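Order of writing sets the labels: A, B, C and D. Residues in every chain begin at 1.
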Amino acid sequence: MNRLTIELPGLSLKNPVMPASGCFGFGREFSQLYDLSTLGAIMIKATTEEPRYGNPTPRVAETPAGMLNAIGLQNPGLEKVIANELEWLKQFDVPIIANVAGSQTEDYVAVAKEISRAANVHALELNISCPNVKTGGIAFGTVPETAKELTKRVKEVSEVPVYVKLSPNVTNIVEIAKAVEDGGADGITMINTLIGMRIDVKTARPVLSNRTGGLSGPAVKPVAIRMVYEVSQNTNLPIIGMGGISTVEDIIEFYLAGADAVAVGTANFVNPFVCPELIEQLDGYLEEHHIDHISDLKGRSWK
Amino acid sequence: MNRLTIELPGLSLKNPVMPASGCFGFGREFSQLYDLSTLGAIMIKATTEEPRYGNPTPRVAETPAGMLNAIGLQNPGLEKVIANELEWLKQFDVPIIANVAGSQTEDYVAVAKEISRAANVHALELNISCPNVKTGGIAFGTVPETAKELTKRVKEVSEVPVYVKLSPNVTNIVEIAKAVEDGGADGITMINTLIGMRIDVKTARPVLSNRTGGLSGPAVKPVAIRMVYEVSQNTNLPIIGMGGISTVEDIIEFYLAGADAVAVGTANFVNPFVCPELIEQLDGYLEEHHIDHISDLKGRSWK
Amino acid sequence: MIQKELMTVTNQTEIAHNIYEMTLQGALVDQMNEPGRFVHLKAGDEMIPLLRRPISIARIEPEKQEFTMIYRAEGAGTNALAKKRAGDKVDVLGPLGHGFPVDEAKPGQTALLIGGGIGVPPLYELSRRLNANGVKTIHVLGFQNKEAAFYTEQFLALGETYVATVDGSLGEQGFVTDVVNKFSLKADIFYSCGPTLMLKAVEQLQAAPSGYISLEERMGCGIGACFACVCHPAQDKSGTAYLKICSDGPVFPAGEVAL
Amino acid sequence: MIQKELMTVTNQTEIAHNIYEMTLQGALVDQMNEPGRFVHLKAGDEMIPLLRRPISIARIEPEKQEFTMIYRAEGAGTNALAKKRAGDKVDVLGPLGHGFPVDEAKPGQTALLIGGGIGVPPLYELSRRLNANGVKTIHVLGFQNKEAAFYTEQFLALGETYVATVDGSLGEQGFVTDVVNKFSLKADIFYSCGPTLMLKAVEQLQAAPSGYISLEERMGCGIGACFACVCHPAQDKSGTAYLKICSDGPVFPAGEVAL
């Protein structure tokens, strides 16, 4: 499958398809369904310094061609993630991208420092875009100067390349992308979820107990494509694109827009076998269309 | 239909349902289908000082549960809109909300001054959020200080109340809403379209000739609801809510979020009879649920 | 008058590779008075695909309150349509737009009808009406290949018919314009529908003193309200003049639109 | 093992007002080994509704490779399901979660099965298995009203059965707990499934020394990966402990989960 190999900072990928953070846990459940070594990489669930329960339920709601979630960064905490989850993941031949979250700079730094030392963590994904926590998260992702500063601080301590995950809930995403580039980011992952809400007309209350949540799935793909298109033309950083991918054509569209690899989120809930299926179909698609290598498609919509 | 009457600055509405700007032209086409006097109001297509052809075609594309458009403010220009369109609309017993657009402050002021003098124009809708023009438009809608200043200037010359149409493509919509409130706005209409894009995987080119376009339809409703929910709690301005409305339940959801009236855009293309149908169904819904008046629902999700 | 109706499918047949002929019945047919107009339709009330699809009226049978369309199953909308069976309902808005002016061809005159691919269908009802008026019709139909060709027999029953395929697998090899040139076809008037590039070439033929062409564009509303489907008039000093294909067209006098 | 299969509908019947009994056939049934587990399913491959729907397994017939579910057509997902006919396909992921431990009830003992509304279905396979093991079952089934009631005959065939309806239109008027109290029902073990408020009341009954309850929550993945369906353990000093209803449950020992 030579057409699919991708080299990115810290990451030698067999193929450019990986599950998106928060949509795959730490891989245990999916390992019962297929061999995780078939994946390009795995973006594990956001890890914070301390264990977090997250928000009260209901935490998910459906919307037209999309879903809202307000999990609230539930995770067992840095120590357990390293000792149990990353350790367990070592049995697979797949690079891990560790999603790092926190409420303040120190939290991010602490998690980044430790987790980047785990042998199978090949890159960090700095989550400055989670809309479902009250402090930190998205706050870091909406102010260029803050985003830059945080990137810098994390870069100082990280043993592996740092990708910054951008929020689509901003006026000017290029500005944020450039700021994290200035801050020393090695790559960008985008997009996180759009902030949305649903109200139950029967009860007159928000469906999610957190009231607002993050919108993902096919509905948001046009927004993601537009942002990848803009950012890829205005920074030199590699981009792992995501937002609404569920078919091979969606992957191609992200490549044409300017992505270097892709992540699949919500679609894992709809079809838990979607990642290996897409990897196989992607290879077939390239063969059928006489494309020598997937990266030939990068940015073709603007080149 | 007493349950449906609404009083807003400049607007005595028979009912709170009106077609959204750009999705109804100047009403001529729909007048062949039903009596326009049944509508709560009509938001006419954006008017600029000079005639505009807009963007090259293709100007529309479909997305999951939504559509992209990049019309580019095509309109016959202020003079013709007043002489032909508004004149023609006088035969109907329906208040007109004139959508005002431009590239610079002077354009907005010139259009606002003239069009607000037309007898059947009961309010202006200041379009500081059109994503499909290169200058002006959305540029005014993303910087609070600029939005405030423009609102002020338009208020100085307008003979009728001024509603400002907000863009969802901003980091902090409450900030913009407060700025236009400070600028003297009489009301807010929201949301305009989200910026999005689609790429044709066969040709590798953007589907829209303008490349990016505005995303509307059911896909964006969760974003619109979230923004109405936030803005209604943080300003004192009445809100005409829109974004993805196609059913009575959608209208109820906007009310619960904090809207005072609603506009229907994309759904007019799917079902050109949707506005009168919704008005009738809304009355039925309120009766069935023993709700004395539609405005009883306003903001119930947060009150 | 434009109406919206849940019409009933009375027939659905795949008549060529991915090409379907569908007949619909309902009162809306009473409003269909002209060939070349179109309907805007939705297979169901789901949100994907969200928008309606414009499809030409290919045959009108007023006595049965039926009309027939011929369409290619391509994307989401037409594929959903292709799943319909006799007895199912389809949400139809129409008839829309301005069609081919039949009376521009006088009895005894000859009309040249040039169609390409899914531009062929509206010419069928047109030809029937012209022939009913005593106009002689010559048909030139272009297709990709033999598998994609349809209705050649039906046109032949109405008049002289030439077929061109890009690969030569049926009729002449080449484009419709090649056929017109090769056989030096001449007429008093022409009517054409097909891809824009074809229409451009057709306008440059000298086969008839005047004619009409039918255009295609992506549509939103289909009724003239959204400005999705505009085109430039050929003569436009201001640069801001426009014609809407859905409501001013889809049929225009040849030369009126900048192609 | 969890599998995903396009299973074939062999029966679909409306057995009460808006309540459907659907039987599906396929190899996935070979994996079904325990009552109280569930499937996560999608009526079609469309994007609306996007997510799967969790539905309990109500009856397993391994020899026919069939299983039966009973569901209420409420929203988009279950209504799409209700449109299916025999011969149609349904996309099934399963079997998921942990079910009712049948062997906790010893032969000769008595088990009290308490179900409310659409919580009743999983108790049916449970009761069949308990009876097969020589356990005596007492069933208490609660419904809104007579129109919404189902499977009362089937349960009666397996053991003593009480029905409660909120409006008294069938059986006793009141809630399932009222019935248990009124008839002073006692057992060695109880099993219960229904709305959380009901489960809370059931846990407070003193009808059996121990028991199991099955919980509901909105789900994303259904397999334990998304953290949509968590609940708090009753004992949690840290405040951050959690149980996932989809993969740790949906069945839990009574008292284990904070309701």
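Here is the rule we use: a contact is a pair of C-beta atoms (placed from the backbone, for glycine too) under 8 Å apart; a residue touches a chain by one contact, two chains touch by 3 or more.
Which protein is which chain? UniProt says A, B = Dihydroorotate dehydrogenase; C, D = Dihydroorotate dehydrogenase B (NAD(+)), electron transfer subunit.
Only a predicted model underlies this, so the values are computations on that prediction, with no experimental measurement involved.
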{"item": "Shared interface partners, meaning chains that touch chain B (Dihydroorotate dehydrogenase) and chain C", "value": "A, D"}
{"item": "Farthest chain relative to chain A (Dihydroorotate dehydrogenase) (centres taken as mean CA coordinates)", "value": "C"}
{"item": "Chain centre separation in whole Å, for chain D relative to chain B (Dihydroorotate dehydrogenase) (CA means)", "value": "47"}
{"item": "Whole-Å gap between the CA centroids of chain C and chain D", "value": "56"}
{"item": "Whole-Å separation of chain centres (CA-atom averages), chain A (Dihydroorotate dehydrogenase) against chain B (Dihydroorotate dehydrogenase)", "value": "34"}
{"item": "Junction residues of chain A (Dihydroorotate dehydrogenase) - those touching two or more other chains", "value": "64-66, 218"}
{"item": "For chain C, residues contacting two or more additional chains", "value": "47-48"}
{"item": "Pairwise touch network: line, ring, star, complete, or other", "value": "complete"}
{"item": "In the complex with chain A (Dihydroorotate dehydrogenase), residue positions of chain B (Dihydroorotate dehydrogenase) that touch it", "value": "63-66, 68, 142, 169-172, 194-199, 201, 204-206, 211-212, 215, 218-223, 225-226, 229, 244, 249, 252-253, 256-257, 297, 300-301"}
{"item": "Chain C to chain A (Dihydroorotate dehydrogenase) touching residues, read off their complex", "value": "47-48"}
{"item": "In the complex, chain A (Dihydroorotate dehydrogenase) residues that touch chain D", "value": "22-25, 28-30, 32-33, 45, 50-54, 57-62, 64-67, 69, 71, 74, 76-77, 217-218, 246, 266, 268-273"}
{"item": "Interfacial residue positions of chain D with respect to chain A (Dihydroorotate dehydrogenase) in the complex", "value": "1-2, 4, 42, 47-52, 76, 93, 217-232, 238-242, 247"}
{"item": "Residue numbers on chain A (Dihydroorotate dehydrogenase) that touch chain C, as the complex places them", "value": "64-65"}
